[in-house]
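Structure record follows, encoded as structure tokens.
Labels run A, B, C and D following the written order; every chain starts at residue 1.
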Amino acid sequence: MYFESFQQLVFMGGHGVYVWSSVYISLVVLGGLILKPLCQKKQMFKNIQVQIDLQKANDKALNRGQDNASHS
Amino acid sequence: MKLNVQWTWFHRLGSPRWFYQKTQRWLPWLSLVMLTLMVTGLVWGLAFAPPDAKQGNSFRIIYLHVPASIVALAGYYFMAIAGAIGLIWRIKLSYMLMRSAAPIGAALTFIALVTGAIWGKPTWGAYWVWDARITSMLILLFLYLGVMALRNTYSNNEVADKAAAILSLVGMVNVPIIYKSVDWWQTLHQSATIKLTGAPSMHPDMFMPLVVMILGFYSFYAVSLFLFTRAEILRRECRTSWVKQLVTHNLVEK
Amino acid sequence: MAVKNILKVENLAFVRNDLVQFEPISFVLSLGESLHLEGANGSGKTTFFQLLIGMLQPSAGKLYFRDQLFKDCRFEYLSDILFIGHQAGVKSALSVEENLRWMSPDNTTPKQITLALKAVELAHYANIPCHNLSAGQHRRVALARLMTSNASLWYLDEPFAALDKQGVDFIESCMQNHLEKGGSIVFSSHQDLAKMAARRYKLTPFQEQS
Amino acid sequence: MSNFISGGFKAYLYRDLLLSVRDKTDLVKPLIFFLLIAALVPLAIAPEAQRLAKLAPGLIWMLAVLATMLSIERLFSDDLNDGSLEQMLLSPNLLIMPVLGKVTAHWLVIGLPLTLLSPVIGIWFSLPSVAVIPMMLSLVLGTAVLSLIGAVGAALTLPRQGGVLLALLVMPLYMPVLIFGSATIQSAVDGLNWIGPLAMLAAFLAIAIALCPLAITAGLRLAKNG
């Protein structure tokens, strides 16, 4: 380890604030690039599930309609 | 009479499904590789590598600035080539790859710009210096924003992809011209600024973490691209049966 | 040997935003024959015309012109068709006579131009810039092309829309002597033709093959 | 007056020139914009001659870029609205020639007058007289490249006629032209050899003539079903 103590690692001879701020910003943006598609995927799954339920609902309604027609 | 319609576009629809299943298996391993590369590169560069003689420790920002700008530029070429493949062979999957590559490239260019600006403060005393590298990065960001903005102006999917592909191809021809002319412009107004990224002349101990970080960023690009493209496939194929099965199967399993 | 059928369409279909626009279309059009395309609004008639004139690439199916695939004979095909769509294509800064001159083939003589303008009752507007004219008159300038064009295949997308009595008669007479001269026409319209018998083709929405 | 069916470069060039001559306002607007902004600059910055002279090369080129961008937007949109673009796309022969005809017409109507007007700006910004010839030469070549690249942007943003979108698409592509254009004038002012940057501008023009029509025709074909 180039630096003797953890405290020196953070301070980095006066330049620590610049280095760690750029590291922080980069990690935030990189994290965003991973999390955004994952939430999009979760969102898409929910939408499609809603669509499927909707379709199933009106299919059922359709069949019930045909049953009444055939009975009466 | 069964319409034996030879739907040329049917079999092409299959490839997004193949991509979805393939990435389902590769993603865990690839993200593992990405994580190890990034962590080792960062720790090695920030904690173990010796500081630069002139710039001191602020030099360590190179381990973020240089990989981000390299992958951002390579990402633009990847996007343009994916667009070209889409245009020539009308493959939907390559359009989706192109569409997903744009935001990642723009984000990486943004990282390169921010880290470059922060790095400029201790080295030249000002946050923004019209250094050749940073100016070209700024223009690249505008190119990315142009492609993304154009992508959203068309409502019809097919046309939006084609327009974005054409623009990224026009951009691809211009990127080397822009880089060379900005470099030439830099020499014309040569102020006494040291070259920000003297990569090869560096000490091997400094250079090795840089290579690891570049590989880390490339694998990050791949992981993020796969994730974005998978979300794009779900959005475009939500009416197809295989996606519906996928959703129902997935919910039952969870 | 004169090729008998001038146009053959095989299962032509188009997909927009993953929605198939209409049931795949197949028909054969021979010389001297006209085809009346019918279909409700939004059933894809205009899209089909765009496919016919090569503006849109079909997602499936083939198009043959004089028994040659469209891709191989693009030049002959495009120089031998006349397409009049919803938009008149008239530049408002130019005069009526210049506009018709611009839209007619090379060898049209000035006499033909004035004859055509007289037929659509625009003769005395010849030198007036088009921005003074109404949309209906713009449409008549476009329809005057029926007199001056020497294309053998006509594509007319709802030519009778918003036209008065003489306009409809003018178009029907043009269509009739075009057919007599051995040309052929594909046109779409919501009203039936008084004088002419034309083969009908119904455009139906796409049924999902379950 | 020939026609669109067999007519190519000459037909569209002649027609567009006739159209531009017919409605004068469209012709004069960018030129007045060019002079107007040039007149504002000394008020905004400083009337002293030597400070303006330092800014002159870059400013002249900035104005040329903005004037071209202002006028390129309407190159294809009028044709799309009245339907003549559809007829143009239907012409059997190559679409590249009509497109080149239209862009040349735009250049003759906007680029050339801009170049002939630039000495006036040179005088206003007390540009040394030795730099006037290089300035005009660089503007002649440069405005042609600006028109060609602007036409690509106009074709791609055709259905959604957004001024800002066109600027966003086209500005990055204008950067090299801007750099070498103002460098030509700057090196002439400094007494250096200005043939080099001028040759680069000529090279950009050659590339633009070769490649831009391909992108323009592809963009136009999209506009119909946008």
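Quick note on the criterion: a contact is a pair of C-beta atoms (placed from the backbone, for glycine too) under 8 Å apart; a residue touches a chain by one contact, two chains touch by 3 or more.
Fair warning: this is a prediction, and the values are worked out from it, not measured in the lab.
J.: Check B-C against A-B and say which one is joined by more contacting C-beta pairs.
T.: A-B
J.: Name the chain whose C-alpha centroid is most distant from the C-alpha centroid of subunit D.
T.: Farthest by centroid: A.
J.: Would you kindly tell me how far, in whole Å, the mean C-alpha position of subunit C lies from that of subunit B?
T.: 48
J.: Any idea how many Å lie between the Cα centroids of subunit A and subunit B?
T.: 19
J.: For subunit A and subunit D, let me know how many angstrom lie between their CA-based centres, rounded off.
T.: 45
J.: Once you find the CA centre of subunit B and the CA centre of subunit D, what distance in Å lies between them?
T.: 32
J.: Residues of subunit A touching 2+ other chains?
T.: Not one residue of subunit A touches more than one other chain, so the list is empty.
J.: Can you list the residues of subunit B that touch 2 or more other chains?
T.: Residues 156.
J.: At least two partner chains per residue is the criterion; list those residues in subunit C.
T.: If we look for residues of subunit C contacting two or more partner chains, we find 16.
J.: All pairs of touching chains?
T.: Touch list across chains, by label: A-B, B-C, B-D, C-D.
J.: Quick check on the complex: what are the subunit C residues that touch subunit B?
T.: 11, 13, 15-18, 24, 57, 59-61, 209
J.: Touching subunit D in the complex: which residues of subunit B?
T.: Residue list for subunit B touching subunit D: 87, 139-140, 142-143, 145-146, 149-150, 153-154, 156, 159, 162-163, 166-167, 169-171, 173-174, 177-178, 181-182, 184-185, 188.
J.: Residue numbers of subunit B touching subunit A in their complex, please.
T.: Listed in rising order, the residues of subunit B that touch subunit A are 42, 46-51, 56-58, 60-61, 64-65, 68, 100, 103-104, 107, 110-111, 114-115, 118-119, 121-122, 220, 223-224, 227-228, 230-231, 234-235, 238, 243-244, 247-248, 250-251.
J.: Taking the complex as given, what residues does subunit D use to touch subunit C?
T.: So the residues of subunit D in touch with subunit C come to 1-6, 15, 18-19, 22-23, 78, 82-84, 86-87, 89-93, 221, 224-225.
J.: Which bits of subunit D are touching subunit B when the two form their complex?
T.: Residues in contact with subunit B: 152, 156-157, 159-160, 162, 165, 168-169, 171-173, 175-176, 179-180, 183, 186, 200, 204, 207, 211, 215, 218-219, 222, 225-226.
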